[in-house]
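Pasting the structures in now, so scroll down.
Next come two complexes built around chain A: one with chain B, the other with chain C.
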Partner chain A sequence: MKYLLAFMTVLLLSAAGAAPADSPDPPENVVTEAAEEFQVRRAIDLEASDTPEDAGGSVRLTWRMETEGIAPDSLGVLRSDPSGAEELIKTLPEGFVMYDDDSAEDGTEYSYRIVSYLDGSTEACSDKAEAVSSAQWIYHGRIGMMIILILMGAVIVYYIESSKRGKKLYIREIAGLTAVDDAVGRATEMGKPVLYIPGIADMDDIQTIASIVILGRVARKTAEYGSTLLVPTSRSVVMSVAQEVVKEGYLQAGRPDAYNRENIQYLTDDQFGYAAGVDGIMVREKPAAIFLLGTFYAESLILAETGRSVGAIQLAGTAMPSQIPFFVAACDYTLIGEELFAASAYLSREPKLLGSLKGQDAAKLFFVILIVVGVIAATIGDYWSPLKSFAEFLRKLVTVT
Partner chain B sequence: MNWEILGIWLGALVTFCLYSFLYRDNPFYKFAEHLFVGMSAGYWVIYNIENVLIPNWWQNMVPPEGGFNWVWVIPGIFALFMLARIVPKTAGLSRLALGMIIGTGAGLNMVSFFQTNAMSQVKGTIISVATGSAWDIFSSVVLVVGVVSGLVYFFFSKAHTGVVGKTANVGITILMVAFGASFGYTIMARLSLLIGRSQFLLEDWLPTIPRLLGLGG
Partner chain C sequence: MRLIIPLAITFTAGIIMILNYFIPHQPFRLLGDNLQDWYLIVASGAIFLGAANLMHVHFRKIRLKLKNWKYSPVTIIGFLVMFVLGLIYGVVEGKPFDYLFLNMVAPMGATMFSLLAFFVASAAFRAFRASNWRATLLLTSAFLVMLGQVPIGAMIWDKIPLAKVWLMSIPNTAGQRAVMIGAAMGVVATSLRIIFGIERSYLGGAD
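== the complex of A and B ==
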């Protein structure tokens, strides 16, 4: 239909006879322009280049579409390899002006064309553009983060070395951690076990790692006091690590004979299955002290409420913001967010952990200064532009793209 | 009796068994608990074999299109190290695998944690506190004061005394207000779960009783 219309128009214009004498264009030109109006738009200014900031295997294509003519139904991306074989690698809806070819091989020069389809047939074609894909070693969008991490690392190493040389590093008292020994002592006096729940995440989770470090300390205390330590886990790897750590704690306390591997058991990976199992342990074993330290989700309140109902002293800690309120409401002591990570250093007083904590404090101080200076600059910058640029610079420094 | 009704009845019975815990520990709860734990443990074993071991390891080592990728033998060996714990003499080998898991996890998480929990937060806090409506200004001030005082609260190198102590108190107060809001929000979500279970019992299970008794339906 569109072709018929175009043909009729051309025919009518051809039959119109000679143009008036004062017409600036000859009749042939009028005919050509009218025909172009009914041509299908094609991609122009096609550019192919290696996709920036990637691990290779990708070529980025960008183009513009002609503004005059009939809009195509869709666009096809054609790719030729060095042998000359051309293939259609992607069909895009009309309107696209960019495409990443993620099937390119690094080091191979490809030639690309964009074709315009209308009613299933190829109606127009762009010029060719060539590119070679390659991988980049440095992702520039994370340069700021890299610099800050290197500085942070250097500060941490400095504090670790200082601590190793015997320098006393001050750590303020963390409410709740002083209760660890009391809780274990209470369990010993009552002749009841200590229950340690390391959360429901696996060993690749930072909170679980922090929890396991604290477990070592608790294990040592229970071994010294002669209490029973129960550690139900919801991940098999956590169980293996917990067994190693508890065994080590008992060894350090000089009570390897008291270590019972069966007390550190795997229940299930299922979140609520685990919660049901731990609840059962709580009501049957009636522990005098319960530690809930690690990553928790919706099961946090179920566990904490059951622990409270059996009369246990409870110490909880997590960095999951949505679960902290439940622990605050149902437990005797709660380690909020980073206190969980600081707890391991506070309890063990190991130079590596203390140094790491001091280094993190230095980073926090840096961020506080950055925020305060940035906010002042941004606020005054509303009235004085140089400071606005400075605020933008600070924002860019911490931007990760 | 058809399978659908059987499923509804099983669901209702297990629900009642679990809710019986609200009264006290009892054999019905114990039954439901052991059923839940046992079935879910078995389910996760199969789930991990089907969705982790086969697609992520086996099919990479022995691709369906043929061939054998020797490099994938290495993770297999590490997996065997974990199983070496069964034999006390070889139990130490599992430490290699555990070290690999913990080290890789910590390293990979460091970047993403730092990006989302530190860099993005700092960037979002560097704002002007003198633009927009009065409410916008108030919100901006609360944001900046909250972040800065919160960071001071989590500063462990200085005792919470004097100015630091007062700033930290502001920080923990703002945190507690946020926790309170979060508590209320989550309680609403939990109530919706209870409502869902109640609807199941009232709308799905209860109507099956007259049908079973031959009273219509």
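== the complex of A and C ==
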């Protein structure tokens, strides 16, 4: 019994806590660390600056969060105007370290703070940062590109003018484009249709535009020869444009009666659905000539191999580097990259178009020289600093941000 | 007028987009953004044209009993089923439209994609025949790259994976970049030709 009473006494004493005189104070740094552990993290290193390369009316805020303490529920962005009135302009989820205030007025200096919220109340606050918003007139990271574009435009204009004055311009033979007439002629002789596939991209893709330009020439040729032209498209806008272009081609060839609107049809926007649809047309209609010109992705080889299996002469062209090997392996002729864009000028032989083509070649030569000079400067620059600076200048010139 | 109006529209829109690329200041940014919105509106409207064309072509095939007309009902039924289900139940997760998309459309797309493996094999067989020195070079490179990609390559000779990395990162990258630079020049020249009205054949041969 006495053991039980002694045990109860000890238990009661320990539950009541030790007497103050008996317990020494904890070291101060232990108290501070414990307090920090239960403090809500606040934003630190807050920086406010005018949002770069914009039309004004925007201030960019960046900050870091403290790493110790309790994570806040959310963050609030507070803004004070010159009158001193402060307002909450945005509540952000925890984890954000950047915010663009797009409601700023140009020329007004604003002061910003980031507050940390926990359970709906403000628990911590950052230091203040000030900024004034302003509009920029030019993208600084694109000045080099602008200079190059102006130079290129000038060279193209120069060659167009030279061509208009009657200067003979040499354009190398492009086998794929020379074969356009042969392919249409073959289809005519065999009494089979010509299948034209303008890629799977929409009209906002320059390759599709280039393809549509070639389609106009092919349509005129099929109208002259009396062949059937089939154009399945994967985009509605492309279908509408292709219908008009083919119609005009038939009109120009003096055969508007031969134009059949149903031959230019929309299949589907789905990539492989389109590939399946076109494959079906190939297998059923057995075209004698197939043109694959435009933007292609993984469906390129599916289309080209099916076309090959039906015995058609195939002419392909794309600027997609990853698809070119597939076309080279499966098609009779392949327009590689820039040749697709040269097709219109090459086929029409109009002086103005040929001049622009020559200008394009001159611009390419300029870039080749730039690359060679840049490589030499960067290589030798490791041993001779002036060349290193020159290489850096070239790098900045051609870098677009 | 039939020629001038489209050329004027093209020129104005093209110049605005070029200026929008280089100048962030208003009104160019606003105009550029608006033009892009307009394109989206036109493209969204054109989807009805596409759907109408699809139905017209296939109903006509059935009506006139044209060649292979028996495939057309499949297209029409498929289109209408998806269209009606989408309208009634919406296209959100768990609804019939989503169910059909995940269990019919997606597997059929994957089936088409899987055909690529066989087509790659047949195309590679033709391309890698050592008919001349260039094809032999291609064959050798491809053989090294394939060997370097699998463990047996390193087991045969530990330098084969290094040769593969060199082939892919030096000659292959150089070739791809050459194509890209040429294509970029082509893009710029074609764009300038169209914007300044030198290239007009996209207007339907109105040159």
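Following the convention adopted for this analysis, the second predicted complex is superposed on the first by the 287 of 401 C-alpha atoms of A that agree within 3 Å, B and C clash if a C-alpha of one lies under 4 Å from a C-alpha of the other, contacts with A are read in each partner's own complex, and residues count from 1 in each chain.
Keep this in mind: contacts are C-beta pairs under 8 Å (C-beta built on N, C-alpha and C of every residue); 3 or more make two chains touch, one makes a residue touch a chain.
Computed from a prediction, not measured in an experiment: that's the story for all the values here.
**Student:** So, A:54: does it touch chain B (first), chain C (second), both, or neither?
**Tutor:** In the superposition, A:54 touches chain C alone.
**Student:** First (chain B), second (chain C), both or neither: which does A:89 touch?
**Tutor:** A:89 sits against neither chain B nor chain C.
**Student:** In the overlaid three-chain picture, which partner chain does A:252 touch, first (chain B) or second (chain C), both, or neither?
**Tutor:** second
**Student:** Kindly classify A:394 by the partners it touches after superposition: chain B alone (first), chain C alone (second), both, or neither?
**Tutor:** In the superposition, A:394 contacts chain B only.
**Student:** Using the touch definition from the top, say if A:244 reaches chain B (first), chain C (second), both or neither.
**Tutor:** So A:244 meets both chain B and chain C here.
**Student:** Please indicate which partner A:379 is in contact with in the superposed arrangement: first for chain B, second for chain C, both, or neither.
**Tutor:** In the superposition, A:379 contacts chain B only.
**Student:** Looking at the overlay, does A:370 come into contact with chain B only (first), chain C only (second), both, or neither?
**Tutor:** Once the two structures are laid over each other on A, A:370 reaches chain B alone.
**Student:** In the overlaid three-chain picture, which partner chain does A:283 touch, first (chain B) or second (chain C), both, or neither?
**Tutor:** first
**Student:** Considering only touches as defined above, state whether A:151 meets chain B (first), chain C (second), both or neither.
**Tutor:** In the superposition, A:151 touches no partner, neither chain B nor chain C.
**Student:** Looking at chain A, which of its residues have contacts with both chain B and chain C?
**Tutor:** Touching chain B in the first complex and chain C in the second, residues 142, 145, 149, 202-204, 206, 209, 237, 240-241, 244, 266-267, 269-270, 272-273, 276, 280, 284, 298, 301, 321-322, 324, 326, 328-329, 336-338, 342, 357, 363-364, 367 of chain A appear in both lists.
**Student:** In the complex of these two chains, what residues of chain B are touching chain A?
**Tutor:** Within the complex, chain B contacts chain A at residues 18, 21, 24-25, 29-30, 32-33, 36-41, 43-44, 47-48, 82, 85, 94-95, 98, 101-102, 104-106, 108-111, 113-115, 118-120, 122-123, 125-131, 144, 147-148, 151-152, 154-160, 175-176, 178-180, 182-183, 186, 190.
**Student:** Residues of chain C touching chain A in their complex?
**Tutor:** Residues 18, 21-26, 29-30, 39, 42-43, 46-51, 53-54, 56-57, 60, 67-68, 71, 105, 108-110, 112-113, 115-116, 119-120, 122-124, 126-127, 176, 179-183, 185-194, 198-199, 201-207.
**Student:** Please output the residues of chain A touching chain C within their complex, sorted ascending.
**Tutor:** Its residues touching chain C are 53-56, 135-139, 142, 145-146, 149, 152-153, 156, 160, 202-204, 206, 209-210, 212-213, 216-217, 220, 235-237, 239-241, 244-245, 247-249, 251-252, 262, 265-267, 269-273, 275-276, 280, 284, 298-299, 301-302, 304-305, 319, 321-322, 324, 326, 328-330, 336-338, 340-342, 344, 348, 350, 352-353, 356-357, 359-360, 363-364, 367.
**Student:** Which residues of chain A touch chain B in their complex?
**Tutor:** Against chain B, chain A makes touches at 142, 144-145, 148-149, 169-174, 202-206, 209, 237, 240-241, 243-244, 266-270, 272-274, 276-277, 279-280, 283-284, 298, 301, 321-322, 324-326, 328-329, 336-339, 342, 346, 357-358, 361, 363-365, 367-368, 370-372, 374-375, 378-379, 381-382, 391, 394-395, 398-400.
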